[in-house]
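A, B, C and D are the chain letters, set down in written order, and residue numbers restart from 1 in every chain.
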Amino acid sequence: MSFNTFGRLFRFTSFGESHGAAIGCVVDGCPPRIPITAEEIQVELDKRRPGQSRFTTQRQEPDAVKILSGVFIDETTGKPVTTGTPIALLIENVDQRSKDYSDIKDKYRPGHAGYTYDVKYGIHDYRGGGRASARETAMRVAAGAIARKIVPGMVVRAALVQMGPHKIDRSRWDWNEIGNNPFFCPDPVQAKFYESYLDDIRKAGSSIGAVIEVVAEGVPAGLGAPVYGKLDADLASALMGINAVKGVEIGDGFATAELRGEDNADEMRMGNEGKPRFLSNHAGGILGGISTGQTIVARFAVKPTSSILTPRKTVDRYGNDTEIMTKGRHDPCVGIRGVPVGEAMVACVIADHYLMHRAQVGGGVPWPFEKR
Amino acid sequence: MSFNTFGRLFRFTSFGESHGAAIGCVVDGCPPRIPITAEEIQVELDKRRPGQSRFTTQRQEPDAVKILSGVFIDETTGKPVTTGTPIALLIENVDQRSKDYSDIKDKYRPGHAGYTYDVKYGIHDYRGGGRASARETAMRVAAGAIARKIVPGMVVRAALVQMGPHKIDRSRWDWNEIGNNPFFCPDPVQAKFYESYLDDIRKAGSSIGAVIEVVAEGVPAGLGAPVYGKLDADLASALMGINAVKGVEIGDGFATAELRGEDNADEMRMGNEGKPRFLSNHAGGILGGISTGQTIVARFAVKPTSSILTPRKTVDRYGNDTEIMTKGRHDPCVGIRGVPVGEAMVACVIADHYLMHRAQVGGGVPWPFEKR
Amino acid sequence: MSFNTFGRLFRFTSFGESHGAAIGCVVDGCPPRIPITAEEIQVELDKRRPGQSRFTTQRQEPDAVKILSGVFIDETTGKPVTTGTPIALLIENVDQRSKDYSDIKDKYRPGHAGYTYDVKYGIHDYRGGGRASARETAMRVAAGAIARKIVPGMVVRAALVQMGPHKIDRSRWDWNEIGNNPFFCPDPVQAKFYESYLDDIRKAGSSIGAVIEVVAEGVPAGLGAPVYGKLDADLASALMGINAVKGVEIGDGFATAELRGEDNADEMRMGNEGKPRFLSNHAGGILGGISTGQTIVARFAVKPTSSILTPRKTVDRYGNDTEIMTKGRHDPCVGIRGVPVGEAMVACVIADHYLMHRAQVGGGVPWPFEKR
Amino acid sequence: MSFNTFGRLFRFTSFGESHGAAIGCVVDGCPPRIPITAEEIQVELDKRRPGQSRFTTQRQEPDAVKILSGVFIDETTGKPVTTGTPIALLIENVDQRSKDYSDIKDKYRPGHAGYTYDVKYGIHDYRGGGRASARETAMRVAAGAIARKIVPGMVVRAALVQMGPHKIDRSRWDWNEIGNNPFFCPDPVQAKFYESYLDDIRKAGSSIGAVIEVVAEGVPAGLGAPVYGKLDADLASALMGINAVKGVEIGDGFATAELRGEDNADEMRMGNEGKPRFLSNHAGGILGGISTGQTIVARFAVKPTSSILTPRKTVDRYGNDTEIMTKGRHDPCVGIRGVPVGEAMVACVIADHYLMHRAQVGGGVPWPFEKR
């Protein structure tokens, strides 16, 4: 059971509401003696921190993370390392505006979790989205910063590949461009276009959806577990569980529905170092729920931010018809900040499977086999 | 940890290889005193049983299920009911052709799990796909037959809505047509077309992908759990975990990436019996990971069957380049048989969340609230 | 997997080292709308707080608990209640003496976890016992304070029933005496004796073991789950997992080994309100892993505190033979402070099973049955 | 959640009722390429098989185990090995006497689970104890036979060390004697006495309790996990979960309550091969929940068989006072058959922790450390 715990062996349990005292998480199951500092985690957190451009919510939170436990000085190196005990991370909420919620606290915002929380629990913290706020995803990014260090050689990156109906041109894909625009967009031409496109949407008080692609390189073959611990099933869960996500695909994804078998097959040839080389990667690096050693590719669709300036019909918690219009600070394209969150979730899933594989199979299998 | 166990409270653990002695599963956590017979489970199993039309594999397995435990005669009614103890289901494998595997047992079929199993475990049962065979999904269907009985009033149905690039016409959707064609297709016109379309593909020794839509009606509001036990995240995992699935979406799914906030919002009005009425269902019945009481809608993409008659480049387990061509009995569109499997997985996920919700919240919450 | 998480549905994850920045826990799965305040939790914490008599360690920690999340004002009553989301509890460490550890940090104290942590993880926080410190048990008591509120009518109490070889006289058992002596001893005569007895041990720089008995009244029949979720198995795990515990028994426990079948049987007669009445309680309220509705009785043995003034032979982390003598602040009978911890763990286990039972069986079973 | 599943990474799920069609289990998470045959499992099963002497129930079951899945021929050796997929084991019930249950099926046997199952589930299979029958423990022994092969060098053995009030003389302990008497007793003198002692009890239609000691040698240091995955807590759960067990202790157990700190400390000296040598083993091989590398010692108390010839007062399922006397086939000392079950459970727990340790720490830690 894991209401608020993610993962199996590499696990984290998050807590906190958007406008409560603090948000935080406890990372458990992390291998010992991994060098880690709060500064390194902060670097990742800063990627998703709001208020960095006019395209993300103007809420100003330093989001300064503190490590409360689980890290100790390694006498050999004099540097802080994990100890194998739980690593508690805490971010105090400092920008909790004591604003007046009286005009919206009883009304359900369409697309938000207010109604479902109320009908489930009979109560919910309505301030800033409460537990359902995207603010919780900061802790996923923090946990992901630790996860990244577990699998040797793994690099997980993500990019925004579509905003509204406008896809990037993949022939212009350049990872170096990710940091050059406020969209984590690898296509500099399309990024330029997104700027004016999203400005119009923002000014209209509207919002727009997006598609994010996560790419994990350096993932060893053999991670994943048939049949109910499949790597792709876990990735799907991890990505669909991010706020506002409505679709997930691996490799060619929905496009495979249109393919014939001979076009979808990833043919193999022997490559270097005794490893096979695949002539294509329609599968996105996963076969039978287990990594092939190829690059793992996943995409997810993020719906448009539900909080918009256009008034919408709704009901209140006392059963009355009413209307709502969300003022306040919001992202015109919440998918943008989903980029570092998607990276983090994929890193956590792979780290978890890395440990699970090590548990069951130990040092691994010498492939190819020797014919007797 | 759940390598071969699905679910949290309503759980099933499956076992067995395609050409081993038997396949089976153990359903655990089922509420007691639910009427169930092997015949009822068999009805569901027969839906996915191969060999029923020329469009599914000609393997002939009666797939007769036996209940080994967990069911006992209720003295009050004289009928068999669950006892709350584990329900073991067994299907003996009777059509295990003792065919000669010598020409393919060492070669990896592109798109199949042979290589990944070998590189993970150092061994795999190559006969008929072994553990990775779609035959395992029979147990999902069997478990689903029990899950369907747990949530009062719930009806879970699925349909094939796309084959290759050819989508159905939703204006012609008629659930009654599902049983009138070998594709579980609700559009009789398109079903007619699929017949000739798939015949051509089959005769060419090729295969094609498909998209399946699962619809769950009668699901109470409030099921699901933030933030790492979300109903949609669990559905995504359940559907992505089905063999050959490469994409999953909830409600409008990937299409939401193209929507503006005002078009994506599901507005609300008070409806009958003190429940809200939603004016649309872009969300697919789930908000914040919790069911809204609307119909739950999920779709998944199934890649084309990997086993085709066209020779493909591959390697063998000893590291040699070679070619492979799959003869034998196979489905030209494995998505067809994914329909009852998708239904079953969705039923299992919702039953599981029904029990989880009952655990945490008990008898439920009276909504709307009374203003004090 | 639950390295640092206790429970299945009612769960808590603890973190923190004795001399780190803070200790804390995240309670998850708690039903919503349960009234709770930090003050109520503090009342329980104060029971195990050190420094309250000369018989517990003189470490002075206010151990003031803060609620960081999961509690919100119920509009109907104006009082704080649980919201169903994770409840994070934090205690900052304020008495972290910056003492000099240089003479002991490399030496293993016999009976302590220093060696096993080092050989497992390759590193450990040696300050004050680090993660293995009994200080962690404060979080169990805090979680237990919440658990107590989940099962209606349940009262869990514990008492010290043996110190060294000296057992209490059960004929003098008076729960009201528990608060009248620093030992949680229900026998006032023996408590008087323990005072001088333990004073001698304390002055000699030695320590002594103890036996604690936990009694849970008002536990409904039917909690527990065969065969690997038995209530008694979970109690055994919960109590054995408390620091320094070496034995656990339920009901007559080890004494049943000496009994004949006819002496051990708890005979039944019909009692009031359609419930059976048991004529004895050798079983300690549990049969077949499920509660009978009788009082649940468990006992656990606590070894003497390992930190003593007598020098002991040991080795250091570099593989050298050496000697160690523990100065510093320690409990002469650590079993005393185990009393509130034992109560808390039993409360957590029963609350967990209460939710699990509600999940599987819902509103319960009308017993006795009607003959048709 | 694990109603009928034991373990975390090395897991087994058991099913079946005493007089149903079959009992069985599914072992999951087992490392691949471990040689195993049904015959090897049968050897362990035969140890607990009833009907082998006049001191165990005369029920005659061949208890022949079949492997249904998860084992395949290793091409290199030509021998069957595990494949990493679930290993299903099945024992068909062949001695299900179609006896007349009408005189006992509605009455609760004191000490049995009939009442608790009924009050929990509203139904139970009353034939031969149903799910609560000790027959289920056969599957624990079967799973244990596989677990034994996972930890290199581990040997787990158990012995009966007390019957009724009569303890063995430990100075006469000889493992070779275990097979020379029907009690698994290592003291040949006391075994002789037990024979006449138990004969008298058996002839009187009575029964008696016992204490079993399990000893695990060759367990590497470092297994176990603070603070809620402690090795001793898991052992306690595993042993308390065996039918009829009422107490568990590790190392000196309850006797430590009477000890002073200086007498309980296990002093250390450097030993061979860079490992420490402990000068005693009061701790039973576990400190802080983690194995020390010493022999692990656990004991458990088994209550007398509840089924006896003496009539006992009870009630029936319709709420009437009545009497019951158990005829049929029963063990006068059910503790005897608990010996192989205790061994198996300890083997499973240690195998599980071996995999968990490998997951988190990988190849292990070089101890002693080098001083920089």
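Here, a contact is a pair of C-beta atoms (placed from the backbone, for glycine too) under 8 Å apart; a residue touches a chain by one contact, two chains touch by 3 or more.
All values reported here derive from a predicted model rather than from experimental measurement.
Student: Steps needed, at minimum, to get from chain B to chain D via touching chains?
Tutor: 1
Student: Which chain has its C-alpha centroid at the greatest distance from the C-alpha centroid of chain A?
Tutor: So the chain farthest away from chain A turns out to be D.
Student: Hey, which pair has more contacts between C-betas, A-C or B-C?
Tutor: The comparison resolves to A-C.
Student: Just how far, in Å, is the C-alpha centre of chain C from the one of chain B?
Tutor: 44
Student: Between chain A and chain B, what is the gap in Å from one C-alpha centre to the other?
Tutor: About 26 Å, centre to centre.
Student: Give, as an integer number of Å, the spacing between the C-alpha centres of chain C and chain A.
Tutor: 38
Student: Provide the list of chain A residues touching at least two other chains, using ranges where the numbers run on.
Tutor: Where chain A meets two or more other chains at a single residue, that happens at 1, 3-5, 8-9, 14, 29, 32, 84-85, 117, 120-122, 131, 226, 356, 360-361, 369.
Student: Spell out the residues on chain B that touch chain C in their complex, using ranges where they run on.
Tutor: Against chain C, the touching part of chain B is residues 1, 9, 29-32, 75-76, 84-85, 226, 355-356, 358-363, 369, 372.
Student: Quick one: which bits of chain A touch chain B in the complex? Just the residue numbers, please.
Tutor: For this pair, the touching residues of chain A are 1-6, 8-9, 14, 108, 110-113, 115-122, 131-132, 136, 162-165, 201, 206-211, 221-230, 232-241, 243, 246-270, 274, 276, 279, 282-284, 286-293, 301-308, 310, 312-321, 335, 356-357, 360-361, 365-371.
Student: Which stretch or stretches of chain B touch chain D in the complex?
Tutor: That would be residues 1, 3-5, 8-9, 11, 13-17, 20-24, 26, 28-29, 32-33, 66-70, 72, 74, 81, 83-88, 90, 117, 120-125, 130-131 of chain B.
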